[in-house]
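Order of writing sets the labels: A, B, C and D. Residues in every chain begin at 1.
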């Protein structure tokens, strides 16, 4: 690992001497993009981070929300893109491990995992298939072993991820407010390293994550050990219950260097440590290696001397190694020794505060031409197109994925994966709903509106379970920020997310920035991911059985917004067009109305319209309920559009509601009062999915056939692809 | 009435099981760490699911060497009801308390889904409240859940009425669709599916009644009025 | 005392199916252009480093460990021991 | 054409940890009375039956299959090929 020339000069002038090699290593780890956020930090400040239920504690790596009755929910999101692109199994698995430790370090028990997966074209590219399959197994093996349910996520394929992988993992924790660890430290406290041994694996990982994959430095492979992680979780929970911990931090990117310097800096203390005390996996490791190793499953704990024995007993019970590696000093120096010899002695403030940068930004040239629509081939057989869409990897059911994840363990999962958002029951009688969403196809065409769209979609998903959004996590994934055009897309996305968050008063409780997502084929499309948490005070909407003659109502306007849609990209192989835009006021009206309707118990099912548009959303309801539906497209509210556009436009803010017809009148009253645009567009009956325009049949499919294609095509692709 | 919930390093359904025993069925449950001994007067023992020792080498094998297993063996001989769920079943099999072996699912994948069980033996402490052939909707969640026995053992199992549960349909390729078995005396039962995940309506999308009978059978056996 | 490296290969007994081997064969190898492969069997290997006075003792000890600790399940698997 | 049996052993590269081997060693073998074992490494083995004109061709083909079909990931593992 190394510092750029400019940074080295900067460091020299700050410390007034030449740094030692260990100091350079420590600083390089901490000043890497991954750890320092040097390109993004100035801008991230624009996000609204506070709110009535947001709890802030110093030194936390995850956000904390008060959910009432003395309970809190914690949440965090991370990615493990570079490691997963070269070793999908270990990369994805250790990604789960990392985000879980962030949750753990607040003193809350992790209760759910989410994953967002993105790969190249799995229909054509065997490497993409291999990456996909192994990343899923990695997440499954890790989360399942921990006994933390993986309850939701998303999967997407796009050529822009060829030779690469985006593996995003989010986690949720839950606990009593009084059990939150309030990080503090006193002079003389001990610094303890707990967990797996330190080895040479993962050396240079955080810098690796800050380089694009072209560089052949691929030494940063990490081997997952979920069993140790599970024992660490239990040991920390026990130590927390006995109030043994003064402060705790997980070791992530940058290893010991970052954990120690960030802890020292945020708490205004000094830390003196001896690398000889670190339990290592292999003999003869150099202090530099020990300081930057990214070996997984390790936690740093600061503890009062008097309490050490108790912590050691707990660790012994769980057969987890814990080593006292140093102690807290006054002042703010990070002092690294090996025995008596000093290898680094440098102010934590200097290490932990890299020079923040002002990157240039410039609107990308491609955006000018991309909005123009090309002339599309006309479609003769819509039923056939529909089958093709239902089998497309982006739309096909993801049950092959979540069927490998234990999503029931913990016995909290009320709404299970396969619906819009998943719902967990909490100990205070309330329910937590969550979903993560991204949409690089739309973000590519319009980084700002695309990002807002992801945010709104995640909200919609949560709203469909009856939950009011209470917090958001963002994960901003882009290419090389030194490219002004890429940096512009980053800023646009961030601004869009900020605007939406402010308008809806949804605080951002955490996030992550991942840059340099590039391969020799170029940068990825802008890929912001938004996770939304929602709270349900009473009862969630658990989908109920649909019967013959139940009605289908749509809320929201369908507009000529097919840019980035599956219809354009998968059917017509066209990238471009009009990106869906969220009308904030309409969005809010619709959201509040759906919540009202659910609260009043008027509906059986709520489902949002997203990928594949109205046609796919209706089919999903039919397929999951094994019932047919007859839809009149001319009744769909919105712009007056040709039928293919009504079917496949991906306009936001739209919800499909299923209800018994006796509830139609009260529903209409409510919607009219709220000035929401809506209409009854269909009736459930029989076993065919039928879309008609003024009685003329456009699509006519048997539910069984649609279901078979939709359910099995992903698995078939992977097994027989 | 005391029910012991045995915890091994890596158990992860222990808390779920404990919650169900205590909060749902009002039993007096207590955790027992695998290095501890079990009291002689305990009324029943449950080995919950999870990944003891990370499923290394083979699911259940390392835990089967735990000190607590000797106590469980003694209690089993005395006729105390013992239930192993998922990893608990794997541990009972690997420690020789139950016949057979659990292999990787035919799909080679971890499988988490709801499925139907058929009660084949309603003469055990965990099934006595069922009707024979009663159907139980219940979730499975395992990677090594394919129960296997050779033909001779299978014949013996049938003769001695040791098959407790079968899957309604082929799920993972297990011998004769077996999902749960018992020892010859019937007091030690092992099953792959998770009854503790199916007894509360809130988290059970189908019907929570049948799985509850597993716990109600236990209540009935150890003499607690529900 | 000498340090020996001894490998223990655990594989299914004849007659016990090996879904993993079959899957690799059918869904991976035969899908491609490699038609000359007719069978794939999977096995697990453990390599022990053990200090004993001689090779035979080491080998005997390893066999005893495997039997005693049920490193393999005799109902479905068999082992082959090799001193490397 | 001759039928060859070729074993491919896939194991972690040196320096890459092997949590499974460590657990088997510490929680199973060393817990018992077998204190002379100092290390256990796990590996996976695939045994191929392949028909080729000679041993070298067979071996080359197998290596190519393992590389092409990503039977192992060279980032973490290495393979050893043996004609049995």
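Methods note: contacts are C-beta pairs under 8 Å (C-beta built on N, C-alpha and C of every residue); 3 or more make two chains touch, one makes a residue touch a chain.
Fair warning: this is a prediction, and the values are worked out from it, not measured in the lab.
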{"item": "Chain pair with the higher count of C-beta pairs in contact (B-C, A-D)", "value": "A-D"}
{"item": "Centre distance in Å when chain C and chain D are each reduced to the mean of their C-alpha atoms", "value": "10"}
{"item": "Separation of mean Cα positions, chain D and chain A [Å, integer]", "value": "36"}
{"item": "Chain B-chain C separation of Cα centroids, rounded to whole Å", "value": "30"}
{"item": "Centroid spacing, where centroids are CA-atom means, of chain A and chain C in whole angstrom", "value": "41"}
{"item": "Junction residues of chain D, two or more chains touched", "value": "19, 23-24, 27-28, 32"}
{"item": "In chain A, residues with contacts to at least two other chains", "value": "225, 227, 319"}
{"item": "Interface hub residues of chain B, defined as touching at least two other chains", "value": "9, 53-54, 56-57, 61, 65"}
{"item": "Chain-level touch network, classified as line, ring, star, complete or other", "value": "complete"}
{"item": "In the complex, chain D residues that touch chain A", "value": "12, 15-19, 23, 26-27, 70, 73, 75-76"}
{"item": "Residues of chain B touching chain A in the complex", "value": "9-10, 12-13, 15-16, 19-20, 33, 49-51, 53-56, 109-113, 139, 141, 143, 194, 196-197, 200, 202-203, 205"}
{"item": "For the chain D and chain B complex, residues of the former touching the latter", "value": "19-20, 23-24, 27-28, 31-32"}
{"item": "Complex interface listing, chain C residues touching chain D", "value": "3, 7, 9, 11, 21, 24, 28-29, 32, 34, 36-52, 61, 65, 68-69, 71"}
{"item": "Chain D partner contacts - residues on chain B that touch it in the complex", "value": "9, 53-54, 56-57, 61-62, 65"}
